[in-house]
Amino acid sequence: MMEMTVSLLPLTFLLPLAGTLLLAFSAGRLGERGAVWIGTGSVGLAALVTALVGADFALGNAGPQTLTLYTWIAVGEFAPSIGLRLDALSLTMLSVITGVGFLIHWFAGWYMRGEEGITRFYAYMNLFVFSMILLVLGDNLLLLFLGWEGVGLCSYLLIGYYYQNAANGAAAMKAFIVTRIGDVFLAVGLFLLFTQFGTLDIAELVTRATQAWSAGEPLAQLAALLILGGALGKSAQLPLHTWLADAMAGPTPVSALIHAATMVTAGVYLIARMHGIFELAPAVLYLVGMIGAVTLLMAGFAALAQTDIKRVLAYSTMSQIGYMFLALGVGAYSAGVFHLVTHAFFKALLFLAAGAVIVCCRHEQDIRRLGGLRRRLPLAYLSFVVGGAALAALPLVTAGFYSKDEILWQALAAEQQGLLIAGLLGSLLTGLYTLRLIVGIFHGEPKSKAAENAQPGRGPQHSVPLLVLAVLSTLLGAWLRPDLSAVFPAAPGADAHAGHTAVQLIASATAIIGILLGAWLFLTQGPKLARLAAEGAGAFFWRWWHRAFGFDGLYDRVLVRPFLGLVQSLRRDWLDAFCGLAGQLALVLHAGLSRSQNGQLRHYAIATVVGATLMVVILARA
Amino acid sequence: MSGIPMEHGLMVASALFAIGLAGLMVRRNLMFVLMSLEIMLNAAGLAFIVASTAWAEPHGQVMYLMVITLAAAEASVGLALVLQIYRHFRSLDVDAVSQLRG
Amino acid sequence: MILAGLILIPFLGGLLCWQGDRWGEAPRWIALATMVAVLVTALALWAGADFRLADPGAAAWLRELRLPWIPRFGIELHLALDGLSLVLIALTGFLGILAVLCSWKEVQEGIGFFHLNLLFVLGGVVGVFLAVDLFLFFVFWEMMLVPMYFLIALWGHSEPGGKTSTYAAVKFFIYTQASGLLMLAAILALVFAHQAETGELTFSYEALLATTLSNELALLLMLGFFIAFAVKLPVVPLHGWLPDAHAQAPTAGSVDLAGILLKTGAYGLLRFALPLFPEASAQFAPVAMGLGVFGIFYGALLACGQKDIKRLIAYTSISHMGFVLIGIYSGSTLALQGALVLMVAHGLSAAGLFVLSGQLYERLHTRDMTRMGGLWGRLGSLPGFSLGFAVAAVGMPGTANFVGEFMVLFGTFPAAPWIVVLASGGLILSAVYALTLMQKVYFGPAQKSSPLPGLDVREYSMMLGTFALVLLFGLYPQPLLDTTGAVMSNVQRLFEVPAVSSTFNLGGK
Amino acid sequence: MELAFYASALVALLASLGVVTGTNPVHALLYLIVSLISVALTFFALGAPFAGALQVIVYAGAIMVLFVFVVMMLNLGSDASAQERAWLKPRTWVGPSILAGLLLLALLGTLLRGDVARVIGGTSIDAQAVGGLLFGPWLLVVELAAMLLLAALVTASHLGRDAEPDRASGGES
């Protein structure tokens, strides 16, 4: 029985692929119900298979192993194969992708009801799950890169799903191109590693690297930096983060699946998977931590100043991933992955709840026009409260607390006080913007007709995913902590326990302060805050944070506009025109010479005589 | 009776040829052009005869015969053309006849 | 004898089509049958042959046909087939079928003469891939041009107010003809140098391989060959003819042009320029790679700015061919194999994109992208396929373009890391132009909402077949790689001579 | 014999100058005839009686008569000479004559530097020798010359045909 389940592993990605092909080639003959059933069914079955394999793995029947299907390319030493790596890390990621993915697919059936082109939606979603699974299971970097680009493509297609509106298309292109820049860094990293070690197999690569390179080796740092570049692009960390906020143009389930639970965490997975290389480049590892901390704070402030529900959640995702990068930076890989898992649960919950609110309020996304939905949308309110609590890391009760606290503790254990302080400040900010969001939507008076007569969503497709995710975001979620000791080296705080409880106390204190302060501020001080944000320094900060510290505008002016100018100036092919000069020259010569044929007989006679004289003179002299 | 050095003969022929040539280029009346042409042809014939008698070879005179036939043919066609041109253009000005412009 | 057959089939087919004009649609079927015959012969040869690495050094031809043609000058009808030419002939066969199919409804007048030209172009190309006698090679090289000229000039669409189709055809002809002249001069010089050295006047490839040339002469002759192939491959400064030719050519013409004629340039480099002048090519390699990188960026930048859809695709081919050039001059077997896979992949994906733009033209009667937009829901499965091919143009993993491009980059990295870093910058631009194509044509606000006719069976099967091939070679390129393994390692062995010293000295493995 | 040659050569040169600079076509024509006859005299002086005779009969006789006819037909009388004088302004004839002079100098230069010091003695070549040659190796050329003349005859007659018919038919030429 043991080997049988592992051999089922390829089913996990073949099922979504089959779903995609079925939906793509059905060309609309399937109708909405058929599309939902196939789309959700394929991911559901994949989740089931993952559960089976996971059970086997947990019971110890099937140890970590690599299942090679066939050799993809074989040219001399360059022989990447289509191989699936099964170990604790890939299994955790797989279960998150298929589990949360299934719930989101199920909810999307309700969310997308009545939309035209729903087969196209589910085809892309299944293709996304297929690529994400390949990314996670790939045992060599080229297969990982296949998944890496596949998810980028699907994120482009899904962000641009409502293609009638050109702005969505622009947002989708922006997302694809910014992540593509990251991918190029990763690609160059691949070339470097292959040239050095002649293999792309991750395990083999790490062992050869640790033998060949000593810590701090310039080439190791370069390779790590390049891999980090790729991770930054995909996980929307500073400086390649500007695409995530605009990526909210896609349908909400897409944001839930891609821009909260799975794709944006691919960068974290990559760094965790390649931790061997990063161990050899401590400076780069520290940089990872720094980037995480800075992004964490920046995104926190930005989330405070957004008016669109989904953009608040987008910046909050960016901030939470900052936490994961911080964890990786201090060497606490398992803490980072644990936070990844819990974050997937409560952030997917928040996004789905936001989706429910948006659909019920007839696609109204602006907080300023919502309000007072507490009694109208009870389930949505409940999920927002549970998700928000987990996000703000409400002590003891929520899963978010355990994972975030673990990260802060590991930061202290690794003597990174700076990162710890950033983390604490970040959790304060998180509390503030979460409360602002929940109060803005559910408390106070409904500020628009849509909000007034919002009807709560009905049916299992709407309620069950929300409830399941809500449960997972609480204490239960924390118990599902994956045991990654086999995959990662010991975390810094593994043995030293001094100060662990102290950090837990401080962390929970800041979380509670953040929540209470948020509640007091936004419940009672609403008008005063509005006045503060309207004049002088307040207005400046509000606009500055609203535009997320102006990175987007900066990139637009420094990179995008010059590029478009260059493209515009090159619209007429100069080099072709340059080669065309030969043609012009011929025409000019023709015009000149034809003037000499003016039909005057005497003119010709003189010309002949001149020629004759020249000839005679030359012959005479020779 | 020391005889005439060949160069003198040829010099005369060249002089005649140059005069004919100048006439060809200068005159704008078609008749004069034809006449100067005749002079040039005649100069060529003279050169042949000078060379023939210098080398005591009759071939020169045969060539002279050819020159004359050429001159005759050319003159007849030339004059016929002149007639047509005069009838068509009402004048013998060479420059008037310049339709074949590039 | 099969080789002579391979060449004669298209030419006889062409004549039959010409005569078949009297019976209405007959030329189309004859042309289709001819191209199927070529493809089937190629596949039969492929199946029957084994490609184990023959003894290194000896040019291991799979099939050879040697007949004296002009003994006085040592010119013989010497046709030879090996892995490289076999793959390219199979590609020619497939794209020929594509070209015939896609002009089923598009070409209505002068059907016989159209198919005559089409088959003569393909016959010329097959001749180029098979000819191993330099003189015969040059004959086929020039023979390709004339029918192509007629295809573009007579059946092309001229831009209203812009460049006419004859302009594009004449430009195409002059570019290739002038560069062909340089090659002829180089061939003759080589032959005379060989005669001076060994006393025997011959145009045969093996004999000329052995001539030892002084350094400057070798560089000069190599440049003669390089320029001729650079015009055909379009290396940037000499690329002027390609966008015009594509914009004005009929779809079948574009498919041939992009699919096969560009490959003759690359094939020429691999078969003649590199082996005949190894040291000169090695010295010239950095310059060629620099041109390749410049070509990638220049092609991509111009592709982003185009309004005409076929012109955009033409510039993307220039950008892709930049990668091929880098692969060819990198001097590593991996990169050379990658260059070949990229050639096949680009042949298929560019042909696909051109067929689609042809079908768009049949429905919308315009190639101007500003008058398209929001076509996604209106054209049945046509947008789906063009999304697939645009994704292939981006070089998405899983498509053959990715395998080709990344093998080229992996292979060239040890030799020239900075070239590879710049070239991978081009990957970003490839994403920009492919997505711009999709945004401008299929996404965005729809200008009219009336549904347009979708794909009929012929078009659907054509697109499905091509896209399936692109995916097949993307996921399982091994058959391609085994076929050309021997040839590429021979070419690579020529570069064993002091390889290009990499500027960024990496601690080698 | 030398005296005759030099004298007639001088006359020929002067007559040709007269032709070239003459304003009245008829006078120029007469000068031309004088020049041709003086050249015929040089032939006799040089000892080529057959050529001289030909020159007088064919060249001076036939061709010049043709010229005279044409001049008479076009009645280029005195009014033409006024026209000629207008056209012969110094500006027009200076350039070409310098050019012709240059050519002459070049020719003379080559002749003077020539080392062939052949002298024409009194040996005359009579018509019989020339005749033998004409029907000897030169037979083909003579036939060709005959055909040339025939062609010229046909052309001249066709071109010279008076355009009466089309003027008679409405004169819309």
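All chains are identified by letter, namely A, B, C and D, in their written order; residue positions are counted from 1 within each chain.
Please note the rule applied: contacts are C-beta pairs under 8 Å (C-beta built on N, C-alpha and C of every residue); 3 or more make two chains touch, one makes a residue touch a chain.
Every value quoted in this text rests on a predicted model; they were computed, and no experiment measured them.
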* To do: Would you mind telling me which chain pair, B-D or A-D, is linked by more contacting C-beta pairs?
  => B-D
* **Inter-chain centre distance, subunit C versus subunit D - centres from mean C-alpha coordinates, in Å** => 70
* Taking each chain's centre as the mean position of its Cα atoms, how many Å separate subunit B from subunit D? -> 5
* Just curious, how far off is subunit D from subunit A if you go by their C-alpha centres, in Å? -> 101
* To do: Take the average of all CA coordinates in subunit B, do the same for subunit C, and state the distance between these two points in whole angstrom.
  => 65
* To do: Indicate the residues of subunit D shared as contacts by at least two other chains.
  => 96, 99-100, 103, 107
* **Sites on subunit C at which at least two other chains make contact** => none
* Asked: Of all residues in subunit B, which are in touch with two or more distinct other chains?
  -> 21, 25, 28
* Line, ring, star, complete or other: which one describes how these chains touch? -> other
* Asked: For subunit A, which residues are in contact with subunit D within the complex?
  -> 602, 606, 609-610, 612-613, 616-617, 619-620
* Structure fact -> Within their complex, subunit B touches subunit A through residues 21, 24-25, 28, 33, 94-95, 97-102
* Structure fact -> Interface with subunit A, subunit C side, in the complex: residues 236-240, 243-244, 298, 301-302, 304-306, 333-334, 337, 374, 376-377, 380-381, 384, 387, 391, 394, 396-398, 402-403, 406-407, 409-411, 413-414, 417, 420-421, 424-425, 427-428, 431-432, 435-436, 439, 442-446, 475-478, 481, 485, 506-507, 509
* Structure fact -> As the complex stands, subunit A meets subunit B at residues 593-602, 605-606, 609
* What does subunit B use to touch subunit D in their complex? -> 1-12, 14-23, 25-29, 31-32, 34-36, 38-39, 42, 45-46, 49-50, 52-62, 64-66, 68-77, 79-84, 86-87, 92-93
